[in-house]
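I've put the structures underneath this note.
One chain, subunit A, links the two complexes that follow: it is found with subunit B in the first and with subunit C in the second.
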Partner chain A sequence: MPAVCIRNASLAWQGRSLFSDLDLDLPAGQWTCLLGQSGVGKSSLLRLLAGLTEGMQARARIETDDGRPLTGRIAWMAQQDLLLPWLCVLDNVLLGPRLRQGRPACEQREQARYLLSQVGLSGLEARFPAALSGGQRQRVALARMLMEDKPLVLMDEPFSALDAVTRLRLQDLAAHLLADRTVLLITHDPLEALRLGHRVLVLQGHPARLTDPIVPAGATPRAVDQPQVLALQGQLLRQLTEAPA
Partner chain B sequence: MNAPLIRNERFVQIAAPISVGLLFLLIWEIAVRATGVAPYVLPGPLTIFSALQENWLDLLNALLTTLKVTFLAFAIAVLLGVACSLLFIQSKWIEMSLFPYAILMQVTPIVAIAPLIIIWIDDTTWSLTVCAVIMAIFPVISNTTLGLRSVDPNLLNMFRMYRAGRWQQLVRLRIPGALPYFFGGLRISSGLALIGAVVAEFVAGTGGAKAGLAYMILQSSYSLQIPKMFAALMLITVTGVLLFTLMVWLSNLALRNWHESAMKTEN
Partner chain C sequence: MSVLRGLGVAAGLCAIWQLLVWVTAAPKFILPGPLLVLDALGSNSGLLLEHAGVTLAEILLGLLFGVLLGLGSALTLIWFRRLRPWLLPVLVVSQSIPVFALAPVLMLWLGYGMASKVAMATLIIYFPVTAACYDGLRHTSSGWLELARTLGADRRSLLLQIRLPAALPALGSGLRVAASVAPIGAVVGEWVGSSTGLGYLMLHANARMQVDLMFAALLVLAVMAVGLYFLIDRLLKRLMPWQPETLFDNDNDKESLA
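And now, the complex of A and B:
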């Protein structure tokens, strides 16, 4: 798993500068969680890393500790499940192989079935997304991301559209299944960041700056009622609400 | 216990419009008999039905001629329309340059240009078909182009992340996503192909062995066989309804698993 350093990142959209000279480190095999208010540029930073900067003025130096470029080594998970409604669950998980080689190989089908069982969807392979709940759809998206098996995982508020209980369950599942990857998770939810993050940072201000990282103790996913988690959650919420809008 | 039929949605869906139709025919028949209006002014449904029985061989042949033109024109309109849409989405420039001419075809009254087309093209079937294609092609172009362009930008970004090329984007994302729009276009276009075929034949006035339903209507009205004229008219409307139903069925077959328009909802 690579560690990733972003240096001197600048980004402007429609003539408005979102941030400039921003530095961010993603330690290898760890979850880095990024909090911040809407519109501060969190998602744009993620797109910058993914190389999806169409329509933006973006500039950054991105380095990896193994010296290889990031192209083709990134998996992406968004707030919307982004499942193709005309494909069944299994074919959605197999989207990557389908796009690269047309017909997935037998062992890829087996792998997809295994991953679906890992996310708790055994027996639903032939269903279509319209017949699934929001939580189930996001599990399919998780399985599809795991199918790609990329070392760097970018997640843009992947659980924010789910109800509280489903969200906690999916956080546990993701923490378990992505334990050894280098992850950057963008979220609105301080509790989510504190449960899952090895390092938690806040992006705020105009132009936006990153705060010093909070490094909560203990293994992830942390329990919701851990005193440390609750105290830090209060602190983060205060920090977010007191920041100038 | 079986639920009462009235609670069965499928039954109601079929039975309700048929009941309305039968009620309408009943009132029509009663009104014609009560007022004693002459059959060459307004025939009652029973008179029309017996005219249909007496002339069924003539009418069936005419129907087949009209259907041949309709299906030929519809098939060409679909193929040509989809080809145009695929061309339009290749670049904004192509679409901007050509789309006004697609609209031009839509707004030109077919009655006005049909005589020209009939002069230009000797073969009757083909000249009628060209008129019907001009009628039917616009909804296919306009709907399919809209569908091919209406891609969720997030899905497009995801395809870029997967490093899918333009061909993959077209085949695996744009075309499946455009299907609901395409089928919407077919529903309108199938009816227009039939109207186009009938209108063109009205203008052409083709008789003889190649006479279609429009010629039957013209001929019957000249010879004051008004019940036969109504019978031909009825065949056209029934054909139109059946064509529409066929399109709805096709669309449901293709979209039933995933699109809101074709899925059975629980509530």
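And now, the complex of A and C:
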């Protein structure tokens, strides 16, 4: 798994500068969680890494510790599940192979079935997304991302549209399934960041700056009622609400 | 159930029709009653069937060519971004020429036979189909396109596997419009000049004061058009099982959420 360093990142959107000279490190095999208010540019930072900078003026030096470029080594998961309504669950998981080579190979189908069982959706392979609940749909999106088997995972508020209980379950599942990858998770939920992150950073201000990382102790996913998690959650919420909008 | 309801509506309309005949006391060469028309339908069934076959063939061929041309134009507009500023105005201008005014010209170029009517039907549906397809292809959710890009899709698979299926509902509504407009093109073509077809039969019957036959031909045409519409609607539903949207929304109760 590569570590990724972003140096001198600057980004403008419709003539308005969101941040400039920003540095961010993503240590290998760890979850880095990025918190911040809406519109502060945290999603844009993630899109910069994913190469989805259409319509933005973006510039950054991105380095990896193994010296190879990031292209083709990134998996992306968004807030919306982005399932294609005309494909069944299994074909949605196989979307990557379908797009790249037309017909997925036999072992890829097997792998997709296995991943669906991993996210707890065995038996729903032939369903259409419209017949699934929000949590189930996001599980399919998770399986689709795992299907790509990429070392660097970028997640943009993937669980924010879910109800509280479903969200906690999916956080546990994601922490388990993506344990050894280099992950950047964008969220506006301090609890989520503290449960899942090896390092938690806050992006705030204008132009936006990154705070020093908080490094909670213990293995992830941390329990919701852990005193350390609760204390840090209070501290982060205070920091987020007190920051000038 | 819906068949029964349809029959009920038809019976109600016929009753109003008959009532109108009684109230206005219109002579039968102005407004024949439904029974007279049914009678004409029965006694001229061979003649009507023969002409209906010709008109149906014109409609179906026009539909086929119009949809293929429209879809092709829309795909061209999407694929060749640079052609757009040149092609779009041509398309809009072409639409502003009334197709009916072209009928005599088409007759001159393509002759008295079926070709000119097929061309009329094709032309009349070309623009709505192109516009619906183009809009559908253009308004693909940006999330899907971005996801596909991060999954390593090239332009071709982006178009064929994301944009095209995403545009199917829009294509479907274009096709529904086409199905209801194509008969107009064919019949207008027949009015301008022909020796077969329901449009020809109607003009001919009108000139001989056979108004009941004219109405019978009109009825056959209407049944054909409605049948075509529902056939296409059924076909589209079969093609898009994920799309619960239908003409009548009484199917929605069956939808279940897990």
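Here, the second predicted complex is superposed on the first by the 245 of 245 C-alpha atoms of A that agree within 3 Å, B and C clash if a C-alpha of one lies under 4 Å from a C-alpha of the other, contacts with A are read in each partner's own complex, and residues count from 1 in each chain.
The criterion applied here is as follows: contacts are C-beta pairs under 8 Å (C-beta built on N, C-alpha and C of every residue); 3 or more make two chains touch, one makes a residue touch a chain.
Just so it is clear, the model here is predicted, and its values are computed rather than measured.
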Quiz item: Should the pairing of subunit B and subunit C on subunit A count as a clash or a fit in the superposition?
Solution: clash
Quiz item: Is A:86 in contact with subunit B, with subunit C, with both, or with neither (first, second, both, neither)?
Solution: both
Practice problem: Go through the superposed model and pick first if A:96 touches only subunit B, second if only subunit C, both, or neither. | Solution: both
Quiz item: Which holds for A:136: it touches subunit B only (first), subunit C only (second), both, or neither?
Solution: second
Exercise. Please indicate which partner A:128 is in contact with in the superposed arrangement: first for subunit B, second for subunit C, both, or neither.
Key: both
Exercise. Between subunit B and subunit C, point out the one touching more subunit A residues.
Key: C
Quiz prompt | Footprint overlap on subunit A, where subunit B in one structure and subunit C in the other make contact | solution = 50, 52, 72, 74, 76, 78, 80, 82, 84-86, 95-96, 98-100, 128-130
Quiz prompt | Residue numbers on subunit C that touch subunit A, as the complex places them | solution = 141, 143-144, 146-153, 157-158, 161-162, 165-166, 168, 240-244, 255-258
Quiz item: Touching subunit C in the complex: which residues of subunit A?
Solution: 50-52, 72, 74-76, 78, 80, 82, 84-86, 95-96, 98-100, 102, 124, 127-133, 136, 148
Self-check item: Sites on subunit A touched by subunit B in the complex
Solution: 50, 52, 72, 74, 76, 78, 80, 82, 84-86, 88, 95-96, 98-100, 128-130
Practice problem: Would you tell me which residues of subunit B are touching subunit A in their complex? | Solution: 152, 154-155, 157-164, 168, 172-173, 176-177, 179, 257-260, 263
